[in-house]
Structure formats: structure tokens, C-alpha cells
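Across the two complexes that follow, chain A remains constant while its partner is chain B and subsequently chain C.
Up next is the complex of A and B:
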């Protein structure tokens, strides 16, 4: 726990460290397949916006930057929703309104804000942030489905997503409900903070 | 003084117009991209629906579908072949226990003649299990519902069957009405 360790560049996990972009993870991701689809949607949108906005900024007049960036975020979410519908119609229909809502996910909005500000965050930092977001949303969704429903639904393409039976009688059915999402996320966030504290890092 | 002001305003106005035109072009391009992707996905879904209905009915699916936009279904297809005209649709039926995509063939009076499960999803629903839809709709088939008297007594089976029954009955009522409307227009 030296001072040098504290000075290393550090990207806190957006879900467990900064607690942003929770909506799709705690409310809608009650199965592994949903977690993968929503997590990937938010991560890809944030990445594309974060990487494209700095270069598009010179083409946009300052007064129109924000509305155009929001329109781009909505367009990306619509395109991703259509791609998800083509990949697995039942999973996309099951997610319903949460797919278009990717456009206003806090991770996407944070990326949008970073993209419009000069000299904020490197592409590598952004990639690390969105990758961590995706990883944690998949982890939360997988844990909720295994412990709450006793199975794992794989995001397979086609009409019927494949489901694997893991536990005959799931021990904590509450975890599949939105309240269960907060419980799993709370436990993981506590563990994450403990690890960061041991490593000498202070989270916001 | 006022003349100076108006002279300064002209280039600024022109610049603003150009900026607005660029922004409008950008948004237009984005809208065209989303619309094109929507058409592509929609045509893929229609192709799959046609294939499923042709397999189920053994008839040729009419080239033009009628857009009806009902509860869980979007299009009704005419099925051409020997005998009376039939109609088909692919519909989504969903309950808190799961969602299923099924193909239906109906007579012109809205009577259901055949149905086939195309796929079902139970993602995230703790009380659902595979087969909840086919067990209801497939009565007399390989896995009829209820299979045993004891199985039918379990609350889970009873409530599951009631929910899937209610959801399927709602869907068939709406689909039957849509088919009758389409058949009346054709006559």
C-alpha cells in the first residue's frame, strides 16, 4: 500500500465503483441473456459515442452539439435494438422498453458528456470503463438467474434462447425481482470497495 | 448605424443557415440509416413468418400480406391452395411465466385450424418452465396437459395453465377478429 500504488492511473468500475448506469442491470437484467444484451448495448453505445464525438465536434456548431449528440445516441440505441431483434426476437421483445432506453443510460450520457468536453479521458480509459460495465452487468445477471431461477439462459441466436438447468430448486427466488438486483449489486459493490480499500484506493 | 447592423447580420445569418443545413443533413442521414435497418430487419422477420406458415399449412403464402398491427402480431397472410381460402399469422403470446412465438392458421370465419410453436423464452421468470405454452396448446399431442391428475393439482401447474390459457385466448380472439376483417375486405 505504497504512495506509488495510489498514484497509478485508476478507472473505477462504473457500476460497482461509481454506481452509474444501474437501471438496466437492476431492473431488467434478470437473466444472463438479458444482461449480455443490455450490457453490450450500453457499452457499445458509450464506446461509439465516446470515440466518435471528439472528431465530430469540429463539424458541429457549439449551439447544436448537445442536441446532435443526443440524436446520435438515440440513433445508436435504435440500431442496436433492431440488431437485437434480428438476433433473437423473443429476447428483444422480452426486454421491451429497456432496449431503446439504452440511449439515456447514465454510462452513455457520461460518455456523451466526456466526448463533448475538450481533452477528457483517453480512448483506452473509455474502453476499460465500458468493458468493466459489460463484465459486471453480465456477472450480476448471471448470479441473479442462477440463484433466483436455478438456470442460465444463453444469448443464442434464433427463436428459442437456450436454457441450462443449474439448480433444481433455486435458493433465492427474490433475486430475480428488481429488489434482488439491488441486493446482488450491493453485495458486489461492498466487496469491490473492500478490495479497493485494501489496495489503498479511495473511491468517490 | 442601423445599416451597419444589417450588413453585419447577413454573413452571420448565412453561417447559421449553413450550420443548420449541416445539422439537418446529419440528422436526416441518421434517420435514413435507422429506417433502412428497420426495413431490413422487418423483411427478414416477414421471410421467416412466410416460411413457418407455408410449412404449417402446406399452402402457398400470398405475395402481399395485410398489415393489421394487432396484439402480438403485425401481419395477416392469405394462404392459397385447394379448397376454401385460409389465413395465417405469426404471433407473440406472453405472460409473466414466459413468452412464446407461434404460427397460426385460421379459416375465413376466424376459426383456428392449426398452430405450431416456433420458439419460447422463459428468461428471468422464476416460476416458468420450458413447455408451458405447448402443454396448453398441444392438448392431445405428445405432451398433453394435464399429464396426470396429481400434476394438475400443483398450484404452479394450475396457475401456469390459467395464465397461458388467458393469454392465448386473448390473442386468438384478437387474431380471429383481424382475420374476419381481412376476409370481409377480400370478398
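Up next is the complex of A and C:
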């Protein structure tokens, strides 16, 4: 289990609050379709693991629980990768290494760890967390694509995804590069902290 | 590409942290091991993982057209073997080796190690080149971490708006650093060192 997943609690605001599961959002989610595919992959894997492991762990020998749970996460990522390739080969090819990396996304690892611990939060809390992660990853990807490329690529099935033209001349082309991903995420995290401060909650 | 070109591309032009966003979650936390232990542990794990995944992918999966199952083989074969090795190193008597072993044990299952192994095995390199690329990627990650740490120290002394203090300002600074790293691009490196 990775260090970050071991030390971080499973928080209700994973992406902007606890900064968990950043890697696909920062680098690969430069279009709405990529954000949807990667966000959905991580959210679904985290949800399936978080819901199934509490019941499955009694079937696993205690010493092999972690490796078996990780193999399950990898199996889910491989399946999701094959499904994404069948749904839209072009989008899946463009995502490259990020589809298999869903297996080691920090959100998925945190969910895996949560599933192996006794007496954890409700399934509803888990579902709300992963849904929030999905929403924020789609928001970041959409924002980067609109401001950086002036369009929105829809995750439509088939060989060529559909695009909607939003801006004739995009104001910040840098945003579709990984550098832009860091900046957008930094600004959104600051906005999130501002909202939390107004509500009287402080983040580290 | 020449070996020097592979080192420069992996460490700078394709920096795993700033260009691929790998290992970005731990990079924004302060509770890391000492830099020497971290770099040695990461180097050990990354190099072995990249070599093992290259062998599995290029010699076993690709001839069978099963390349997309590399994630499964990594989880079932490579990660447990590396964890076992890291725990064996952690049980040695030397305090440094013990620290390296436990840091390596923590690092095995994470997007940094798996991501670098995937990049090295999918780049069309030969085995020695893939191993060199993974070691250089690890060096590039460490260099970016050291730079970010220096930036973070300066930011802590700066008068920033309250909501930008901490991780948000470091994320925005990482974006600026990534822009600087974009200046060292693949074509430039190829033209300089072949």
C-alpha cells in the first residue's frame, strides 16, 4: 500500500481538500471526454472496491489480503481499460498509460485500504466521495478545454468523438498542457479553501 | 537516441512529476523520508519494476497480443516480488538499508513506480535503455521535488492570501515550474545530443 493511501483518511472532499488522486486530473484530463473517462474509471473502481472488499475480505487469508485486493483493483482497471477501448478507441489511445494507472490512483488505494479496515463509514458516504471526485475531475477537464482549446469534446462512442466549439479564440492555450493542469487545480483548491474558511472550516 | 539523450529526456523533457503528473499526491505532503533515503528507495524500486515490466510486456504479453493486461501482471507478479525484496532489505542490520527497505516497501504500490515502469516499457526502448530511462525519470522526479521544496519554503515566508497558503500556492508554482521544463523539449535534446 502506498504511503499516501496509508496516511490519508478517506475524506469527503478528496480532490480539492485532501489532494488525493491528482495524477490523471493534472496531466491527462485536458479535454472533457478525458476527464469523464478517467474520473469515471477512478470513481467506479474506488466504489466497487470500497463496497465489495468488506464482504470479500473474510474469504481472503489475512496475510494475502493486501496483494489480493490490489490484484482486484488491477483487474478492475484492466477491464475498464478494455471497455474504454471498445467504447472509443481514439480516446482510449490518447489516454495512454493513464487508463492502467487507474489501478494505483490514490483515491482507489484509499478506498481499498478503507475496505480492508474493520468498521468503516457508510456506503452512502463512500458513494458521495467518489461522486464528488468524478464531478471535480470533469469540472477541471472541462474548464481546461474551454479556456485552453475553446471547445468541449464530448465522450461519444465510436471512432471520432464529437466536439462543440465554445470560443473562437481560446484565451489561455497553456491550460491544455500539464502546466495548466497544475495552475487550474491550484486556483480551484484556493477557491475551495476560501469557501471552507467562510463556512468556518480550516484545511491544512 | 543516445544514452545521454535518454537521460536528459527522461529527467527534464518528460519529467514524470511536471509533464506526466506521476507521484504528484506525495509531492504535496511534507511527511516524507530524508531525501537520500527516498531517492535510493525510489531508484531501487523503479529500476527493478521497469526491468521486470519490460521483460513481461515485451517478451511475453506483446507476442501474445495481450499488452493491455500489463497492469494485471504488475499487480500479481511484479508488485508482490518487489514488496518481498523490499521487506528483505528492511530486515537487514544496517540502519540505512532498513530505512531504504521500508521506504521502498511503501513506494511499490503507487502511481509513480507503476507509471515509470509503464512509460519505460511502452517507449520502444531496449532493456538497458528502459532501465536507464526509469533511473533517470526517478532522478528527474527527485530534482523536481527538491525544487518544489525550495519554492515551498519561500512561499511560507511570503505574504499570500489566506486561501492560497499551503498546497494551492505550491500547485500553482508547480505549474510555473512545468512551464520552465517545457522549454527543454524532445527535439532540442535530440538536436543537442542525438
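Definition applied: the second predicted complex is superposed on the first by the 191 of 204 C-alpha atoms of A that agree within 3 Å, B and C clash if a C-alpha of one lies under 4 Å from a C-alpha of the other, contacts with A are read in each partner's own complex, and residues count from 1 in each chain.
We take it that a contact is a pair of C-beta atoms (placed from the backbone, for glycine too) under 8 Å apart; a residue touches a chain by one contact, two chains touch by 3 or more.
None of the values given here were measured: they were computed from a predicted structure.
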Chain C versus chain B on the shared chain A, clash or fit after superposition: fit
Which of chain B and chain C A:124 touches, first, second, both or neither: neither
First, second, both or neither for A:78, with chain B first and chain C second: both
Touching partner for A:148 - first (chain B), second (chain C), both, neither: first
Chain A: partner with more touched residues, chain B or chain C: C
Which of chain B and chain C A:167 touches, first, second, both or neither: neither
Three-chain overlay, closest Cα atoms of chain B and chain C, distance in Å: 8
Doubly contacted residues of chain A, that is, touched by chain B and again by chain C: 71, 75, 78, 82, 85
In the complex, chain A residues that touch chain C: 1-4, 6-7, 19-28, 67, 70-71, 73-75, 77-78, 81-82, 85, 96-97, 100-101, 103-106, 109, 174, 177-183, 185-187, 189-191, 193-194, 197, 203-204
Of chain A, residues touching chain B in the complex: 30-31, 33-34, 59-61, 64, 68, 71-72, 75, 78-79, 82-83, 85-86, 89-91, 93-94, 144-145, 148-150, 153, 158-161, 163, 170, 173, 176
Chain A-facing residues of chain C, complex: 18-26, 28-29, 31, 68-72, 74-76, 79-80, 83, 106-111, 114-115, 118-119, 122, 161-164, 166-176, 178-179, 182
Residue ranges of chain B touching chain A (in the complex, touch as defined): 19-20, 22-23, 26-27, 30-31, 33-34, 37-38, 40-41, 44-45, 92, 94, 99-101, 118-126, 130
